[in-house]
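Chain lettering (A, B, C and D) follows the sequence in which the chains are written, and residue indices restart at 1 in each chain.
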Amino acid sequence: MKNTFGQHLTITLYGESHGRAIGAILDGVAPGIPVDEELISHWLNLRKPHGAISTARKEADEFSIDSGVFNGYTTGTPIAIRIENRSQISKDYSELATSARPGHADYAAYCKYHGYADYRGGGHFSGRVTAALCAAGAIIISALKAKEIRIGTHIKQLGCVCDRGFENYAEDISVLENKLFPALNTQAEEAMQAEILAAKEKLDSVGGILETVVLGMPGGIGEPYFDSLESSLAHAMFSIGGIKGVEFGEGFGMAGLLGSQANDAFRVENGAIVTATNHNGGINGGISNGMPILFRCAVKPTPSIAQKQQTVDFVAKENKDLEIHGRHDPCIVHRARAVVDCLTAITLADALVGRFGTDWLSPEAGK
Amino acid sequence: MKNTFGQHLTITLYGESHGRAIGAILDGVAPGIPVDEELISHWLNLRKPHGAISTARKEADEFSIDSGVFNGYTTGTPIAIRIENRSQISKDYSELATSARPGHADYAAYCKYHGYADYRGGGHFSGRVTAALCAAGAIIISALKAKEIRIGTHIKQLGCVCDRGFENYAEDISVLENKLFPALNTQAEEAMQAEILAAKEKLDSVGGILETVVLGMPGGIGEPYFDSLESSLAHAMFSIGGIKGVEFGEGFGMAGLLGSQANDAFRVENGAIVTATNHNGGINGGISNGMPILFRCAVKPTPSIAQKQQTVDFVAKENKDLEIHGRHDPCIVHRARAVVDCLTAITLADALVGRFGTDWLSPEAGK
Amino acid sequence: MKNTFGQHLTITLYGESHGRAIGAILDGVAPGIPVDEELISHWLNLRKPHGAISTARKEADEFSIDSGVFNGYTTGTPIAIRIENRSQISKDYSELATSARPGHADYAAYCKYHGYADYRGGGHFSGRVTAALCAAGAIIISALKAKEIRIGTHIKQLGCVCDRGFENYAEDISVLENKLFPALNTQAEEAMQAEILAAKEKLDSVGGILETVVLGMPGGIGEPYFDSLESSLAHAMFSIGGIKGVEFGEGFGMAGLLGSQANDAFRVENGAIVTATNHNGGINGGISNGMPILFRCAVKPTPSIAQKQQTVDFVAKENKDLEIHGRHDPCIVHRARAVVDCLTAITLADALVGRFGTDWLSPEAGK
Amino acid sequence: MKNTFGQHLTITLYGESHGRAIGAILDGVAPGIPVDEELISHWLNLRKPHGAISTARKEADEFSIDSGVFNGYTTGTPIAIRIENRSQISKDYSELATSARPGHADYAAYCKYHGYADYRGGGHFSGRVTAALCAAGAIIISALKAKEIRIGTHIKQLGCVCDRGFENYAEDISVLENKLFPALNTQAEEAMQAEILAAKEKLDSVGGILETVVLGMPGGIGEPYFDSLESSLAHAMFSIGGIKGVEFGEGFGMAGLLGSQANDAFRVENGAIVTATNHNGGINGGISNGMPILFRCAVKPTPSIAQKQQTVDFVAKENKDLEIHGRHDPCIVHRARAVVDCLTAITLADALVGRFGTDWLSPEAGK
């Protein structure tokens, strides 16, 4: 469905980097969910560029809720959130209209849109549109939290630096929610930022791996054969620009394990059924088993680098060199965290609402 | 959509391991595509268990095409393919009705289906249903081939053994199409099979990694924001039982690269726009760029192992030990290959037909 | 989605009149619903041709449930029902391959399928495929009945003969469930059948109007803006071959009413909110209001008539005369009743399950 | 999909009568289509209230295109159109919060949204949101016109007054495009307006029937079994507030015809295949046959009338009397015309793009 995602609870995105506004429409959200505008601002802030490790383009990200919220609560009808673009720099983008920036969508988009796409600042392919996604997702994150479903993401790896793994999920999530740079280990955090600044110095960029945990997901969610929970989450994650890999539990590490090592023994603990290990990341046969959902996303280094690069003019079909000037992120891994969290929330809420009905997401449900 | 996948060209799957029949419905297929029953049998055979490295359950996989094919050509209406189950062994499965086999869907399914699911032989979660998927996919593989789009998958890694990478894509694909055990290097092939037999000996199982290439995919295919080509392919792959990771191009390796290393320089070559490297796996910004599509799927070791394992009776909520007896695969990596190829074909055909219209898949189109 | 209908609980249809088999896949059905094969046979029988007023083609309609039902209950996974075609008469259909029978889909289908469609007996456009629909629908009708939602349809008009209107909905529904020819007034019933036989005598056919009531539908069902309950039901009804009009409540009669006549006053009655009249057919603003849902479908006279008719050979693009010989229905209004009931059940169940969750349809839900 | 409609080319609607803004997102529109803002204003004007026969609420309907249009052409990415609400009158709506206006969605919406919906001015159920629909539809109407597909709607009946039928489709469409009150016969036009004023005088309202023709629709469009062209169009039409009946060709009149009267004879005329009559409204078996598409929509009298009416307080569950004061339309038939035209355009464009591919809608396609 192109720019609409979900089956029961859906999000529709629109906007370009240098257009008038970007926005998101959430549909299928239960009535009666409190909407806290400060919380939306909080998630927008987690996504925003901060400091020397990010782009110099600073957007106010002032949003207006155009519909679907009344007296502070969701109405049950579509929630439209809109953010005007204000910090575009008017400059001559005409070279980019026909130059394929390596690693970027320019040429692929040209094959698709025949040169009509708005190329300024990456257009619809810009990370800018994820601001609207985060504003919408913040509402859902908050609704899930009221149902005791919590989501947290940290930078597991950035360049050559690794963070510690999750230790106490609940505590770690609480810490991450309030960190602009989501690493769990302070030394790793500093080393990662140094890595980013070093890359920036060299007019280069770095990639990394985000690791996400979801606590409180009930068992029985996921719709085989084709809408396994892994399918839905991976579908969502791979829509985020720059994500090139997604794995659940041991993921690619599974290749080197024996079945006797990979299987998670079931146990009864305090009357509840749990697994002794969680190599399967909380999902068996595409369905949640009640354990924490665990997955990782590989984020490629930002393709926008200021070094001279070889490329083509795709209209003239000629080789050329290109130097990209502008306000670019030497790393988007830390900023992508908010997008991963928000889109995870929307994806899981969609699955939960499909299973338990529209009203389930409301704090009133089940009372 | 649960057991239906795709938006323009769709597949619907049904069936259980020990039910009367399994089947697939293909809808949205152009009229006028030749249907070669031998070719369907060929792909069913690639998926079948062969020799000591696979389960002893040997199904005839005799299929009937119940609709949608007339005089040897697709009609344009739904193609229903049905395969009767014949080799079920009637035995007492009652223990499995309430035992959660570690690594299997039993307990997650119980949370979802409340004990009504057909538990015999894994029921709807059995790999058995992929036979119908392969029968359907074979028609699409063949139609894509007529449009010069070709798909090939090899076992990149099995346990600790690695295959060589793709060298000449076209030649390698031709070789793989006719190999029951899809490794490119003969020594690796032997070592992999030895690995499987060793695991079997220990009543254990092994996992691996499949690597797939798609040749001939035109640029401009993929529907951002949410239906990137990576999203669609990953959605499909993660619906296959046992797949726990999917990555494109360098995938998780992207985390350790700089932008200057990860970016693929565009070049004009013989009048065509290509990239000098293909770290992005033929996809930029979620859209194909005309280069070979390259992705890898991590397959976990088969959870059905004959060793004694700790688990629970999920109805009684009691710990117990379990020994699974029966006809199991010590490895499904090589058999999963056909499923990956067939589902890749269906996924790409759906995207292509959405872009170019229903008739495009027909060999008559564009004439 | 072409041959798949529904968003939460879906039906997929396949098959041609003279193909090997027709079938239906129901997906998204809650586990734990009892499946009574006699009840399926009952609804198949209501759809079957009986006596001189119908076609001479008598199909056994023996169905097999290939998946999704275990120990007499739905499993929660796809339910596949298949009916083999047995009473096809092998004759030379080659004239029909290029002749456009007036009022039939032949020429429109040629524009779409370019001559590859199976033309024998109408192929996929044959009313034959509705047998599979009824088999599937019978399961849902029964599940809704267990939730006290009941559906009944009578022939309001056939040619120039009108039936009495509904008087006591519950009683009328009970009567209709067991009538092969669903008229409420005995005299009207006889006059209608005489009308059919008179048309048959003249090698002609007659049309009519079906009127459907749904009792017990809870308020609050329907998804504006675009999935109003009227939209969903009309979408379903207009997929049935030969339906050319659908109206709710006063329907087209609304054009001649004033607002003060058309509005239904709300009243409190025995503690429940009801309307004094039901001109809106139980739906306001696209959402059920708790009153009986009431709608009518116009059925055109069967286009297959044995009189000589003017038409064209659409391949040769030449005028010609055509006499259709074979086993045709002089009227399908009474047979369409079962299809309307079954498809109404599926459509409403889909809306209800979307609203209240997957399990809602199970008799166990809410206990 | 609730507030999103379509499968290939989709529209998403949001907004409430007294919220900040209403809007529409069009997705799946080909790149390269010229966007003429004056033409959008023209269609907004056709929908606007004019003169004494309509509500006194006059909205400027100033729209902004927030995305998807660049340099005057569609980009191929989502087109977001937004219209701010400006003419809301701040008054005390609190009585309406719990009063069920007869014929309105208030009570049904309460069953669905549990009292959280924005009740001011009808909220999301207000005809107001159709302004956004018309703005979006105008772009598609214009694109279809460039492909020689034209749509026109007139008031066939209003209260007791009937317009003449279509005579010369192309000329009639041209006339209607520029008429605020879309009747073809001048005397009928005057009589209809008198009927509206008479109803208004009596604090009452009137309904009517709209008749639509589509010229230039190619044969072969429609997706049986479930997405017949009638299904798609009826689905769309029944989402418009106040539509209670939809019929194609002879529609309900089919009930009184014999097959020999209802069948349309095919003929070859100037080398093209046509039908001598068009009782089937250009659709056979759910697929267009190349003849003009013809359908009618029954519009109920506006439920908002100023007479005292019986109703209930649905929270207190008490009977009460209600007098609705405010700015209401005594008739919406003429204003609904623009909505019918615009939504017809979107629905057909969706079907065409599904059949012929994304680019087909562009004026460049096929060159």
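Things worth noting here:
Heads up, the rule we're going with is that contacts are C-beta pairs under 8 Å (C-beta built on N, C-alpha and C of every residue); 3 or more make two chains touch, one makes a residue touch a chain.
Remember, predicted model here, so these are calculated numbers, not experimental data.
Where the sister copies chain C and chain D meet, the same residue numbers recur on both sides for over half of the interface positions. Taking A-C and A-D together, the chain pair joined by more C-beta contacts is A-D.
If each chain is reduced to the centroid of its CA atoms, chain C and chain D end up 27 Å from each other. Centroid to centroid, with C-alpha atoms defining each point, chain A and chain C lie 45 Å apart.
If each chain is reduced to the centroid of its CA atoms, chain A and chain D end up 38 Å from each other. Shared contact sites, meaning residues of chain A that touch two or more other chains, fall at 1-4, 7, 13, 77, 112, 124, 224. Across the complex, chain C meets chain D through its residues 1-5, 7, 13, 100, 102-112, 124-125, 129, 157-160, 199, 202, 204-209, 218-228, 230-232, 234-236, 238-239, 241, 243-268, 271, 273, 275-276, 280-281, 283-290, 296, 298-305, 307, 309-312, 314, 317-319.
Chain A meets chain D in the complex at residues 1-4, 10, 12-16, 19-23, 25, 27-28, 31-32, 64-68, 70, 73-80, 82, 112-118, 123-124, 359, 364. For chain C in complex with chain A, the touching residues are 7-8, 77, 224, 354-358, 360.
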